[in-house]
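In structure tokens below, several structures.
Two complexes come next, and they have one chain in common, subunit A, joined by subunit B in the first and subunit C in the second.
Let's look at the complex of A and B:
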């Protein structure tokens, strides 16, 4: 059962997610980054449902277990779509939105097929295994896609600060979870520390996006090559 | 047509890269990445969204402590 610290982090995370949507609304970025805000709004709604089921049914109840993993898969799909919308932003000048949409669907279908291929021989709980497998695989696809997008930003010399900040924070977010997992396996004796850190890391993305929408003007520009190349 | 095929090729490359990365990660893990069996509170998976605490995996049957996987 989660303790006061876990509840505090969970509440902070939810407030930050609400702050993202509010800041985007206030700064008029809600339409431009619609899928990002949809992901945050969905996360807030899912949090409400999770909290309700957790308090009414209990931490280890089947209701909470199913709700947690099924909603997690749903949120991962939302995050994947949000990431694809960032691709559409970066490649907008190349008029490649159509191809980005097509690629998004192909990759999602491919990931779903691969996930099914992994779990299809399971004799029990096939759908649940598929949902969790799809969620995991989409996480890794998102991780790779974020780094590919960062490479594209550097290559295309993208200058929109807001967009760069959003992509970079997404990269850091994915990397934090990956690093935490790696450290957890490297040092199993203190794995509980790394497990508790995961909740804290969950707050990073809404914090970074809220900051981006609130503090960085839409027309702000930066030269990303300066971030990657150290001048001599 | 060739552009669409290029997009399909790129998508498959990304998928292959991501699954290779996953395979490497899972191969070097203690198995906790996929399913959190055992009586202890389940560790959250690295791909979780939001700050909610993670419960055990949904396919755990019964309340008995889970043994190690047979292929370990």
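Let's look at the complex of A and C:
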């Protein structure tokens, strides 16, 4: 059963997710970053559903466990699609939206196939194992894609500060999750510690996006090469 | 083995993204010119040094917090700690890194001074509102 600290993090995270959508609405960025905001809104709805099942059925009930992992996979797919919309923003001048959409779907199908390949020999709970595996693999694929997107931003000299901050914060988020999942596989005996850390990491993305929508004007510009760790 | 490779790649990417993200936060404030008052209080005239950071942060904590500043200040605080760690470890071996960490630490101090300026004007606005009421 979650303790007061877990509930506090959970509530903070949900409030931050609501703040992202509210900030985007107030600053007129909801349409421009529609999939990002849709992900945040979906996350709030999922939190509500999880809380309802947690209080009515209990933390260890199969309903809660199923809802948790299945909704997590669904949210990861949403976030993956949100990332592909950032690709469309960066490559908008090249008129490459159609290719981005096609590439996104191919990669998603490839990740699903790979995940199935990993779990297909399991005799029990095949679908549940698949869902968990897909979710973990998508975090790593998301990290690689964000890294490629950051390289494209540097190469194409993209200057929109809002977009750059959204991509960088997404990179931090995916790296935190991918590293956490890797550590969980490396040290299964202390996996509960890494699960608790995931909750805290989860607050980073809404925090960073709310800040970006609220504080960074849409027309703000920045020189991306100045942000690179290795000077260009 | 695979998990180990993923961890190393993720940690390296995390470091890169985190540094770039903090720099993007700093870049927004680096164009802002400090008022004479804040220059006097912080002792920063034109270019800030890393040694100014702690002092400016102490001054920052004396002012009422602005909710919209909190996240940025915390992220830059973490970035400053990372830079200080690099300066006292890796930069001892790689001399060029020393200059880089020092310049970055200075920019963190400048970011904190800009945040201080905003908090001072925020406090003044609050006081003016109370006086009016």
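A few comments on the model shown:
Here, the second predicted complex is superposed on the first by the 210 of 232 C-alpha atoms of A that agree within 3 Å, B and C clash if a C-alpha of one lies under 4 Å from a C-alpha of the other, contacts with A are read in each partner's own complex, and residues count from 1 in each chain.
FYI, a residue touches a chain if its C-beta (ideal position, glycine included) is under 8 Å from a C-beta of that chain, and two chains touch if they have at least 3 such contacts.
Owing to the predicted nature of the structure, the values given are computational and were not obtained by experimental measurement.
Of the two partner chains placed by the overlay, only subunit C lies in contact with A:161; subunit B stays clear of it. In the superposed model, A:150 makes contact with subunit C only, not with subunit B.
Residue contacts after overlaying the shared chain place A:9 against subunit B, while subunit C stays out of touching range.
Legend: residue contacts after superposition of the two complexes on their common chain; A:178 is shown touching both subunit B and subunit C.
By the document's definition of touching, of the two partners only subunit C reaches A:220; subunit B does not. In the superposition on chain A, A:188 makes contact with subunit B only, while subunit C stays out of contact range. Residue contacts after overlaying the shared chain place A:211 against subunit C, while subunit B stays out of touching range. More residues of subunit A are touched by B (comparison of subunit B with subunit C). By the touch criterion defined above, A:169 lies against subunit C but remains apart from subunit B after alignment on the C-alpha atoms of chain A.
Common to the subunit B-facing and subunit C-facing surfaces of subunit A are residues 140, 143, 178, 181-182, 185.
Residues 3-4, 7-8, 10-12, 14-15, 17-19, 21-22, 25, 28-30, 32-34, 41, 43-61 of subunit B are the ones touching subunit A in the complex.
Contact residues on subunit A toward subunit C in their complex (touch as defined above): 140, 143, 146-147, 150, 161, 164-165, 168-169, 171-172, 174-176, 178-179, 181-183, 185-186, 207-208, 211, 214-216, 220, 222-223, 226-229. Taken in their complex, subunit C has these residues touching subunit A: 3-4, 6-7, 9-11, 13-21, 23-25, 27-28, 68, 71-72. Residues of subunit A touching subunit B in their complex: 1-2, 6, 9-10, 12-14, 17, 43, 46-47, 50-51, 54, 59-62, 64-66, 68-70, 72, 75-76, 79, 99, 102-103, 106-107, 110-111, 114, 124-125, 128-129, 132-133, 135-141, 143-145, 148, 177-178, 180-182, 184-185, 188, 191, 195, 198-199, 202-203.
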